[in-house]
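Chain nomenclature is as follows: A, B, C and D, assigned in order of appearance, with residue numbering initiated at 1 for each chain independently.
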Amino acid sequence: MSVRIIATGGTFDKEYNELTGELYFTKTHIKDVLTLGRCKLPVQITPLMLKDSLFMTDEDRENICKTCLKTKEKSIVITHGTDTMPATAKYLGGRIKNKTIVLTGAMIPYKFGTSDGIFNLASAMSFAQALPYGVYVAMNGKLFTFDNVTKNKKRGVFEVEK
Amino acid sequence: MSVRIIATGGTFDKEYNELTGELYFTKTHIKDVLTLGRCKLPVQITPLMLKDSLFMTDEDRENICKTCLKTKEKSIVITHGTDTMPATAKYLGGRIKNKTIVLTGAMIPYKFGTSDGIFNLASAMSFAQALPYGVYVAMNGKLFTFDNVTKNKKRGVFEVEK
Amino acid sequence: MSVRIIATGGTFDKEYNELTGELYFTKTHIKDVLTLGRCKLPVQITPLMLKDSLFMTDEDRENICKTCLKTKEKSIVITHGTDTMPATAKYLGGRIKNKTIVLTGAMIPYKFGTSDGIFNLASAMSFAQALPYGVYVAMNGKLFTFDNVTKNKKRGVFEVEK
Amino acid sequence: MSVRIIATGGTFDKEYNELTGELYFTKTHIKDVLTLGRCKLPVQITPLMLKDSLFMTDEDRENICKTCLKTKEKSIVITHGTDTMPATAKYLGGRIKNKTIVLTGAMIPYKFGTSDGIFNLASAMSFAQALPYGVYVAMNGKLFTFDNVTKNKKRGVFEVEK
């Protein structure tokens, strides 16, 4: 069993710029999380983009979709900003049928020490190995199918749409 | 979906005693990990024992087994010392058939900041939700069935027995 | 020997707002740093304000000055944003002669785990105990007198003005 | 101004051995602390030994003493195990008169994330720069002279002997 992780940015990978006091991207920290977790599972990382998900376009989503389709792994985790994670999940869910794809992210950057990113990435990697083909969102211990998930921005949590 | 976590001790829960310079137990830190992971999944915690797994007896294993059998949740995670985790998995695997039970632990204490415990607990919680009934070991990203797992103590990793 | 710490905000006390993705203030974390340092020195904390130092006015500086003058401790540490720390140091240096006052801060928020704030606060507290009366800036291991310090904003370091 | 740091081991530098579950030494972490503190002060590090201070002999103390005497810096910090730190301070205090020497250490290893080591090292470095010649102990915010300090092992704190 081998898992492909596609990094697209989001809060998970944001850092604090000490010179400007602003948040920014330099690189993905997925490998750091795997090292911390002493991960022994074969994992391939694709650093596809580093985007705040508010700025993610359908062109970006098509790019993610193509990357999922052409990767040889059947188990795929996508790290993604939380704001439009459900939108990307829906985009992929309508187009990919023969892989297990789990989107995840973080409410607080990995680099800030108290991030939920480690928990979420580990959770998504297990779901990607264990679940049947389909597109899912895994956040903060909960699992959602692509066609029934929304982010409650007031409360900062993911919920079923009802 | 709701998960029961049964804490039995192990490296995961060890702490550093500043007065004596030795490692010891005071309480389980499972709730701290769930808080860090901003876990929104309903979770019940049973702090069953705080044991170095080298000192775990068959009486202890029977105690764990009974606790698994009588809990109403079908998805169970057991935190356990790594040294005899495979032995406890085998004990439970021969006795419990109608639940999904995932044993996990840590190579380094949660309190030491660089622990794999967060990664492992999140991983185990997802497997416990997604896998069919059975008894499993989830460590460092990898999944093992109860009847084919051993700890390579020289290398500090879990492997299939072959 | 007892030290007074006056908190005025700055990067030291900034936090990440998980709902908005922005940095903001909720409270000072000075007590957390003292707890981490297992500080046994008698310390009094005055949470005076929580300001980004770019927005600090001469009215604020007068407020800080009065607080320094009226406190009974002779050793005072002021946590302050880095951008205008030299300006506040000069303001106080011209007005207070019979106390040892050390300004310090952080290049990265304490809450982000990899902050220089612990190092800087401990450093400032020692200087405040050991130095003769005067107003100083202590940042990243270096000590400056109030009348010869500037922040090199390009490099993110404090330097003598020359 | 330049500071010499002489590492002798102690809890400060202990690590957790994931294979054996025991504490051990691999190297000093002083440089990591200076990096975390974004230290800009010129610092020279002498990794002299890595000893639990319970096993420190008078030969070791003589070794430390000679190293202090021959180093060109006038400001010296010594990281040292807490159990016999007062004994080493007394040894040095009777032999070195023309340098400022500050002994410090940690109640919990630096690598365990919640260590007082960062706080203590920063504190000692400032005292070493600011105090007159003499031998001192700086622990947890407090300063002691070499001839009036003892470790209260029951409470895990340093006190004046009275």
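The working rule: contacts are C-beta pairs under 8 Å (C-beta built on N, C-alpha and C of every residue); 3 or more make two chains touch, one makes a residue touch a chain.
Just so it is clear, the structure is predicted and the values come from calculations on it, not from any experiment.
Participant: If every step must land on a chain the current one touches, say how few steps get you from chain B to chain C.
Facilitator: The fewest touching-chain steps linking chain B to chain C number 2.
Participant: Look at all chain centres (mean of CA atoms) and spot the one farthest from the centre of chain B.
Facilitator: Measuring from the centre of chain B, the most distant chain centre belongs to C.
Participant: Can you compute the centre-to-centre distance for chain A and chain C, using the mean CA position of each chain? Integer Å is fine.
Facilitator: Computed from C-alpha means, the inter-chain centre distance equals 39 Å.
Participant: Would you mind pulling out the distance in Å between where the CA atoms of chain C average out and where those of chain D do?
Facilitator: Taking the average C-alpha coordinate of chain C and of chain D, the gap between them is 26 Å.
Participant: Could you put a whole-Å number on the gap between the CA centroids of chain A and chain D?
Facilitator: 44
Participant: Return the residues of chain A touching two or more other chains; collapse runs of consecutive numbers into ranges.
Facilitator: 107, 114
Participant: So which chains actually touch one another? I want all the pairs, not just one.
Facilitator: Every pair of chains meeting the touch criterion: A-B, A-C, B-D, C-D.
Participant: Given the complex with chain D, which residues does chain C contribute to the contact?
Facilitator: Result: residues 1, 33-34, 36-41, 43, 107, 114, 116, 118-127, 129-131, 138-143, 157-158 of chain C touch chain D.
Participant: Can you name the residues of chain C that touch chain A in the complex?
Facilitator: Within the complex, chain C contacts chain A at residues 11, 16, 18-19, 21, 23, 107-109, 111-114, 153-154, 156.
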